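The structure under discussion appears below in the form of structure tokens.
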Amino acid sequence: MIKKAIAIMTSGGDSPGMNAAARAVVRTALYEGVQVYGIKDGYDGMLKDDIIELTSRSVSDIIQRGGTFLGTARCPEFKTPEGRRKGYENLKKRGVEGLVIIGGDGSLTGGSLLSKETGIPIVGLPGTIDNDVWGTDYTIGCDTAANTIVDALNKLRDTASAHRRIMIVEVMGHKSGWLAMESGIAGGAEYVLVPEVKYDLDQMCEDIKAQYAAGKRYSIIVIAEGAGDGMGLGKIVEEKTGIDTRVSVLGHIQRGGSPTVEDRMKASMLGEKAALALISGASDVVFGFEQGKVVSINLFDSVNNKKTLDPELVRLARVLA
Amino acid sequence: MIKKAIAIMTSGGDSPGMNAAARAVVRTALYEGVQVYGIKDGYDGMLKDDIIELTSRSVSDIIQRGGTFLGTARCPEFKTPEGRRKGYENLKKRGVEGLVIIGGDGSLTGGSLLSKETGIPIVGLPGTIDNDVWGTDYTIGCDTAANTIVDALNKLRDTASAHRRIMIVEVMGHKSGWLAMESGIAGGAEYVLVPEVKYDLDQMCEDIKAQYAAGKRYSIIVIAEGAGDGMGLGKIVEEKTGIDTRVSVLGHIQRGGSPTVEDRMKASMLGEKAALALISGASDVVFGFEQGKVVSINLFDSVNNKKTLDPELVRLARVLA
Amino acid sequence: MIKKAIAIMTSGGDSPGMNAAARAVVRTALYEGVQVYGIKDGYDGMLKDDIIELTSRSVSDIIQRGGTFLGTARCPEFKTPEGRRKGYENLKKRGVEGLVIIGGDGSLTGGSLLSKETGIPIVGLPGTIDNDVWGTDYTIGCDTAANTIVDALNKLRDTASAHRRIMIVEVMGHKSGWLAMESGIAGGAEYVLVPEVKYDLDQMCEDIKAQYAAGKRYSIIVIAEGAGDGMGLGKIVEEKTGIDTRVSVLGHIQRGGSPTVEDRMKASMLGEKAALALISGASDVVFGFEQGKVVSINLFDSVNNKKTLDPELVRLARVLA
Amino acid sequence: MIKKAIAIMTSGGDSPGMNAAARAVVRTALYEGVQVYGIKDGYDGMLKDDIIELTSRSVSDIIQRGGTFLGTARCPEFKTPEGRRKGYENLKKRGVEGLVIIGGDGSLTGGSLLSKETGIPIVGLPGTIDNDVWGTDYTIGCDTAANTIVDALNKLRDTASAHRRIMIVEVMGHKSGWLAMESGIAGGAEYVLVPEVKYDLDQMCEDIKAQYAAGKRYSIIVIAEGAGDGMGLGKIVEEKTGIDTRVSVLGHIQRGGSPTVEDRMKASMLGEKAALALISGASDVVFGFEQGKVVSINLFDSVNNKKTLDPELVRLARVLA
């Protein structure tokens, strides 16, 4: 049972909805009579002692903002036991009794080491647009990112149907094709290339040539960065098909933007749950969603297992291609 | 088992994602070797024999469009057994062996009568922004509508925080407060008034006055049309609080717009399922989502029961107020 | 010539782009070595001595925000000579030698009285979504507001074309129909009703009935609030035509949202110009745009003349109806 | 004076607003009692005789769509006198007496040759997001494209301010930096690199390093494709500064999207003017905007001169950097 204070941080790549989650953590803890410290720039701020007390007002007017008001940064020093000990001391001296970490796989792994070595209670929330955290159907930000990509695909369709061109869009996802699949299907892409599924480039180019010969006006290919480099793919496809090919690389635009209703709602629910659980004595858990309900996952299980792509998405993408 | 042809129609208030659902029905049926007829303007077109054959191309380039390419209209004549019989004859003469209806409660009720009286197999899909169909957590269009409202709330916050004003937004929902609750919470509204929950207007006005006296710059009130008239509420609140109050009535804007990723994905999944089930011999079922999975609901159960508002939403709205 | 300090305020109804203008005023003045004070909540803050010094950082990260970071409020006391004297004293005691006012007609009139009575140099910038300031083709925020309305009209077209309905949209504009005209034409509205032009309601309803009889699926009517009440119009039109009619009242949504490129660019140019002119010794001028170029208008001329609606817009609306 | 028929085509890269312009041409001509033929896919359709008659209905519901409903394609054959003669014959056999061409510099050059060789009256409209047509301040689509880029920059700011990163955005503009400048300034970019202005890469990297050392959290660099390759620049900047650098390449997304109010209004005005002028006997002119008014430019002057970047934009970008 926590009586005095908790801390909260965001870590790793930011994602839209992190602010909504942090707001819910802060307001819930304060409501329960527990102080909240905000750690700036993730593990880096924990080490550099860049930690401030948060009030209800600190999280006003942020639910609609992309990014994270707490910041996030890389911190190689935290990868050493000494670094983690140093960070822990900065929390301890303020009387912090537990920590909420919002971030992806790597950030949660850092948290699991901190927990093991120092015993500080840790609750994690999956914050990443990649939707690749084991044990949860949903991660904070994935819905907004998918909608941002579909918006871009809508714009590309306008212009692609005016020309006879092949359009390639490189989206995020080093190891996970979830974002590419979801947005590719919803955006009506003809091909979706993801790291988890092998694709036959020659066959794809042959198919496209045949379709264009039959009068099709355009093809949109979505490729996850982990499945290949968009620019490189563009050159190969243009060469193999002889059809003008244009490439867009969305990059970090996918991490920004005002969060969608789903990301605001689910992030708020997860934040409330994280604060209540931590205060009640929970540790080493990650909260996520399974089948539409909030579930708790063991932190070590979450970081030690790899989520796989829903084969139903792969099937749907093929059917609709 | 259907061998030759099915028909599809949209009915009642249109909602974003109906096109995605219809596209999936058409493409799935054609893939299974079954013809598809599109009925224009709902039951009205069924009676007036405004029915056309659909091809894969008929549903190209519509997944991103709001509204419904099939149209929808009111049809008092269909409320009589003679009317329904006449409609049925127009399907029968084309060899139509089953019907997919995309619409809300009223439209599905019409379908249940048609099924009872003529025996034609009917599969329903819940298409309404109100999310008020019994047996399913989700209805086609509700996610897009909620995001449209939140977008409006984002804009209101900009200007509300510049003034010291009360902002009232009237949203759709005659009998159901789901849309108001979901968008009110996600949009950070201070009060959400819905038909299902009594509210104390005097108390609310007292609270607002106290908050303004304490320095709060603005309040946003979301009211579902079934809980009262926005314009009328505005006058009362302004009078009781003495604070400038402004009202927006979003109206049919909430039914339009390019569907979100969630509405496109779920509508596509439901459309595929509806076509496969109907062709396989199913009848008198509605497909929806429960806990993130497609489920089938008995058509008569669906239209004879009333969905209630998730009390968790009501709680959340109170906590965050 | 100003050597030490200027002040800046926003006043009246806020409009998107006011922040961009204020940012340019602040950065330009600081660059010229002159201090800048920000007056909170317009004339109200001037009287209540709610005035803070602004730095370059105070205006960071605001160019993309709607509303005004300085706030705005009503101030009946400023309408008296005593009130204005009191406000002036608050500026004087800080060594403020000149004032930039961003606001509409009423706010600039207040400024003209302050100038006459106290002699403090005043430069005005036209900030209002109504585009109704005399002497300038453009006012800060009008482009964003017009785009917000057209966005709403786009959504209405989706759903209007699905039904056979009449859609009415009430937009801002008590005395000026510019916003209604511009957005109505760009949004493809069938009728645009503005305060400056008489319309024949009976004739309009007859026309609509005839068009619907001839197969037209929908009509969109845009009405400026000064030309009538949208809700009231809806009832009359429904009664006279017998066609289902739905009304949206956009309200203050039109004042919010991230400013467009045009509003950001023109507001920035006006802000730079205002600061440079004030520092160089100008007074009693308003800066605006004529034929694409920044122009200066005499402050008293601006507030004493009434801008009329461009007849070319009226003509265009008729041609395209 | 044209009595019977005109034709209209879009050519080169498509741009948002081309549909609005074409709609105005069609409706104006029909109103004047002149038939209109639509040439599909630009010069390619002219040669392949892919030409259809357009009605008022052909251009319904397109004002809000990006791209061009007429299509556009490359046509090497049209670069030969024989090709142009063949195209001309296809117009002549339909009784087409004049042609409206909507497109960029290259397309208008094609038109000028057609006019010289065959004598057919030609009126051009500048349709390109690059805003690089000589003699006009404005080209159809440039406002929408600039707003699309600024939208992307808004999203990048969210995430850039969460990390300490450099963000590079490559935008269109092979020979012209207008789009980069306009969107870079409006979007608050720290650096804007354009083909017309030399930049010192080493100095820029030194400056950025110094700013980051002083606490600045992020820099956004906008680069026009003609000033260098975004991906390549990213690698160099990361190497020289030692700061994480991320690159977005917007590509053809910039050509799509629903047109802004400005693009709809100005395109409509230009379309009306083009039709009226052509019918009245004009030839070899391009209509554009100068200082907010429609102006006519000699077609040969337009294609033989090169528009330069407004030095005021260059200055503004420096001041605000």
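A, B, C and D label the chains in the order they appear, each numbered from 1.
By definition in this document, contacts are C-beta pairs under 8 Å (C-beta built on N, C-alpha and C of every residue); 3 or more make two chains touch, one makes a residue touch a chain.
This structure is a prediction, so every number in the text was calculated from the model and none was measured.
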item	value
Common touching chains of subunit C and subunit B	none
Centroid-based (C-alpha) most distant chain relative to subunit A	C
Whole-Å gap between the CA centroids of subunit A and subunit C	39
Distance between the centres, which are taken as Cα means, of subunit B and subunit A, whole angstrom	29
Multi-chain contact residues (two or more partners), subunit B	154, 157, 161
Touch relationships between chains, expressed as pairs	A-B, A-D, B-C, C-D
Contact set on subunit C toward subunit D in their complex	27-28, 31, 61, 63-64, 137, 143, 146-147, 150, 154, 157, 161, 182-183, 185-188, 258, 260-262, 264-265, 268-269, 272, 290-293, 316, 319-320
List of subunit B residues in touch with subunit C within their complex	10, 14, 16, 65-68, 71-74, 148, 152, 154-165, 167, 217, 231, 244, 246-253, 255-257
